[in-house]
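Labels run A, B, C and D following the written order; every chain starts at residue 1.
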Amino acid sequence: MKKLINDPQDVVVESVEGFGLAHADLVQVHRDPLFVARVAGTVPGKVGLVSGGGSGHEPLHAGFVGVGMLDAAVPGAMFTSPTPDQVAPAIAAADGGAGVLTIVKNYTGDVLNFETAAELAEADGVTVRTVLVDDDVAVEDSLYTAGRRGVAGTVAVEKIAGAAAERGDDLDAVAAVAERVVTNVRSMGVALTACTVPHAGRPSFDLPEDEIEVGIGIHGEPGRRRVPMAPADEVTEMLLAPVVEDLGLSGGEQVLLLVNGMGGTPASELYVVYRRARALLAERGVEVTRSLVGNYVTSLEMQGASVTVLRLDDELTALWDAPVHTAALRW
Amino acid sequence: MTLDVAWALDWVRRSAATVTEHRDELVELDRLIGDGDHGENLARGFAAVVGRLEALPEQPAQVGDVLRLVATTLMSTVGGAAGPLYGTAYLRASKATATSALDSDGVVAMLEAALDGVVTRGRAGAGEKTMVDAWTPAVAAAVEAADHGAPPSEVLAAAARAAHDGAEATVPLVATKGRASYLGERSVGHLDPGARSSELLLVAAAEAAAAAD
Amino acid sequence: MKKLINDPQDVVVESVEGFGLAHADLVQVHRDPLFVARVAGTVPGKVGLVSGGGSGHEPLHAGFVGVGMLDAAVPGAMFTSPTPDQVAPAIAAADGGAGVLTIVKNYTGDVLNFETAAELAEADGVTVRTVLVDDDVAVEDSLYTAGRRGVAGTVAVEKIAGAAAERGDDLDAVAAVAERVVTNVRSMGVALTACTVPHAGRPSFDLPEDEIEVGIGIHGEPGRRRVPMAPADEVTEMLLAPVVEDLGLSGGEQVLLLVNGMGGTPASELYVVYRRARALLAERGVEVTRSLVGNYVTSLEMQGASVTVLRLDDELTALWDAPVHTAALRW
Amino acid sequence: MTLDVAWALDWVRRSAATVTEHRDELVELDRLIGDGDHGENLARGFAAVVGRLEALPEQPAQVGDVLRLVATTLMSTVGGAAGPLYGTAYLRASKATATSALDSDGVVAMLEAALDGVVTRGRAGAGEKTMVDAWTPAVAAAVEAADHGAPPSEVLAAAARAAHDGAEATVPLVATKGRASYLGERSVGHLDPGARSSELLLVAAAEAAAAAD
């Protein structure tokens, strides 16, 4: 394992410290417990938005703290959800009196820790609502799983809910629009290589040189199936087809297309995937009206990509277009 | 023969030692069907527990005081699924042990409360390939041993043996809860890391009891 | 070799096509010959800015086409400078009557091809000036090399010269400010892993699991020396010390600090490096007043990073801060 | 005995064949001390040359016409350092061969012009571990052979042999021009890819001449 880190135990704290120094115009880093909040502090009367989760998915979530998006982000250890005693103070810090929406990726650990944190915060008088993001179509949502996972669609939920909060929607309305994004967003990912969690010291799975993992999550978990390496155009179809099907997209609909890198994939490859996804959507009569291509929800240095589609309507489009000023997303 | 606060403290220290010793094994088990952090999470958590125990001005009066400290520390330092699950288990167990010493029935009550905590938080039943599959037979074995009049140390020894068998029995299961469930059929053939760590913690409890005998 | 590509021969064109589709609000892609220009076309009376070079360094250069930065970018084959018959039309397209500045990274191939292109464009009546970027302190600038290479400092040259052109400076003035950036910017990079050029099919160099290459360029070339893997804080010092020394920085000066990822490095690691670089500069009394952390000048999926320092004055700071709207840099 | 346009066309086809055949070797040489594209660059360039030759409505009248087409095509399809360098070499060579056939002196003039083109563009002298180290001895050998009255095919054969020796002689050199110069001392022990490709092109010229005899 070769990484630009010092003691593996310190990587999260040192990285968040560096992040805070580099973006001191946007965020402040709180220590003990560790969380990241907007530099300007709470906005009175605005619904607060808090998200968080295991580290290793950067820029998610701290990279999305700022005007028009999150009020606070809570980084856990690598791939490990943060603890309630980190999340609860972040919720308190984000509360401007209008309540707080927590955006939680649907993993047992995240759900349990945020649940406990919400109880703690509510005991302190903060109204908390939670939206669970579960956009990963690789996992069947059935009795036999912990439900679908939250992956790259989280960016869309945070951006759009953030815009709703910023324009002054109340907690119910912000939660409702966030739920609407969750209902209309689906993702699927592929890994060409595994990633190495610093404290584990070896790759999260072993993948032969001529195979890829289809249906991976964002924690270096193995995917649903292993298939022979194939050209990008075919791989893109493997990812996009189940997304489109699960969404029940039909001709004439408008969508946002996000091609997300897992951290170690060159931008040039992401655009090759994007190009093919555009063509496949065009074949189905689906119009891509908004796009995002880059590393947004990553798995350390994993090579691979995910394709996310969000069904848009006028309101979601307007909220997506609303100004945002964070370290990783800005317009 | 009862298990007192000194036993509880010894259990905690042995727990910290065993999760540290087995850290890499637990990481590897979790790497295979999860995200490779379980050993790291528990090692971090129990190191923090020991640190806080050592910082205590005086020895706690009740077994439950020790277990409450374990609960809150794990809750605030472990994260992931195991943090809240073990945290709740120890919290419930601490409520069932508000006494200076446990007899065999007290041990059974403690273990039942712990299992109850895991199930309440995690909503998993037996056979879903989780730590519940270690705790469920452990509690059953403890009940049986206590019913037969076994002393506390033997109750814990029976629980630890049953936890071991329960953990091993997770190998052929398909996971339907937690992160391993994302693998579907591919989770078959691997030992659940949480079941294994549960076994380790119960073995530590039994060893502390044997040492106290 | 596993990559999200189709035929290795097509990766540049397909990737640029995808880029054009994803950023149709910013750029237009010209085919035969291949180059990328601002969607709005030339700006009459404004000095045109053209850059380019081998592909595989994305977002450089196409990601910097847009208001406040480049007018056109010319992508060559992977790690191979573009040809004069691509560059000359890009120069023509960028000319708004005030002449064109080409920004060329100092590699023999780039220099020769841009030189020929400039001759062709001048024969067609366009006034062309060229600035060579050679910020890499890993290479001694001596009789015994082709001179220092151009690496991540190129971003600063393109941003600041772009702002000067946008505010209406004439060609001499834009060239002068670009030269001033070149004079005041230095970089040094490290690789933890090699990268694989698609048509080569195997890693550009072989690096044992416990060694790193210090003083690498951005083409997967081996570095100047191979050293044992070390903690990030030490590696950062290896990169920063020669940069600071070569710049002759002294206490009280203000700088821009860029920690650039080589493409396959997680953001978390870049911030660990940034954190240490800040501390090392602070120890020397140097004040970091502007920062940039991320993948800006990459080597495909290489793992590693470079540290760039630009000495700032009020004018350079103001030009850095001037609005920019490109795919990869926006404020 | 002279070398006519048919020879020039044959040379080009053999050049395309040899750089394609040796593509991976040239990539590997360039991978070791450069950026691993030299073989790919030349294979792409000469494939384009052959394509354009085949698209010509009629056979060119002069040797120089063929070489000019090579020059402009390499210039517009190769990129990198080799594109302008070989492009200029063939451009200069084409100017020196504005004739329907070359005698031995014509061959020498062609080779001298090519070397001159490389040096003018690249500003490298002998001993800097570049293609100049293949061309310089090749030209000297050609001059000597022509001075001794050798026919064109033997002049080219002598040049090709000298280019081979010149290329091999780059192995112990420290590169001071081009991308390999960034390696400093670490460039020692490797053959320069451009010197090797120069040798291949001169061998192709000699073989085409031998076939024409």
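Quick note on the criterion: contacts are C-beta pairs under 8 Å (C-beta built on N, C-alpha and C of every residue); 3 or more make two chains touch, one makes a residue touch a chain.
Given the structure is predicted, the values throughout are model-derived calculations rather than measurements.
Trainee: Kindly list the shared contact partners of chain B and chain D, in label order.
Mentor: Looking at chain D and chain B together, no chain touches each of them.
Trainee: Let me spell it out: compute each chain's centre from its C-alpha atoms, then which one is farthest from chain D's centre?
Mentor: Relative to chain D, the chain whose C-alpha centre sits farthest away is B.
Trainee: Taking the mean of the CA coordinates per chain, how far is chain A from chain B in Å?
Mentor: The separation of the two C-alpha centroids amounts to 32 Å.
Trainee: What's the distance between the Cα centroids of chain B and chain C, rounded to whole Å?
Mentor: One centre to the other, that is 54 Å.
Trainee: Looking only at which chains touch which, which shape fits best: line, ring, star, complete or other?
Mentor: If you draw each chain as a dot and join those that touch, you get an open line.
Trainee: Any two chains that touch count here, so list every such pair.
Mentor: Those chain pairs satisfying the definition are A-B, A-C, C-D.
Trainee: Quick one: in the complex, what on chain C touches chain A?
Mentor: Contact set of chain C toward chain A: 1-7, 11-12, 14-19, 21-23, 55-56, 58-59, 63, 192-193, 209-210, 212, 229, 231-233, 235, 259, 263-276, 278, 291, 293, 295, 298, 300-301, 303-305, 330-331.
Trainee: Where on chain D does chain C make contact in their complex?
Mentor: Those residues of chain D that touch chain C are 27, 31-32, 34-37, 40-41, 44, 75-85, 121-122, 174, 176-179, 181-184, 186.
Trainee: Spell out the part of chain A that touches chain B in their complex, as residue ranges.
Mentor: Counting only chain A, the residues touching chain B are 9, 33, 54, 76-85, 107-109, 112-113, 115-116, 138-140, 143-146, 149, 197, 199-200, 202, 204-205, 217, 219-222, 224.
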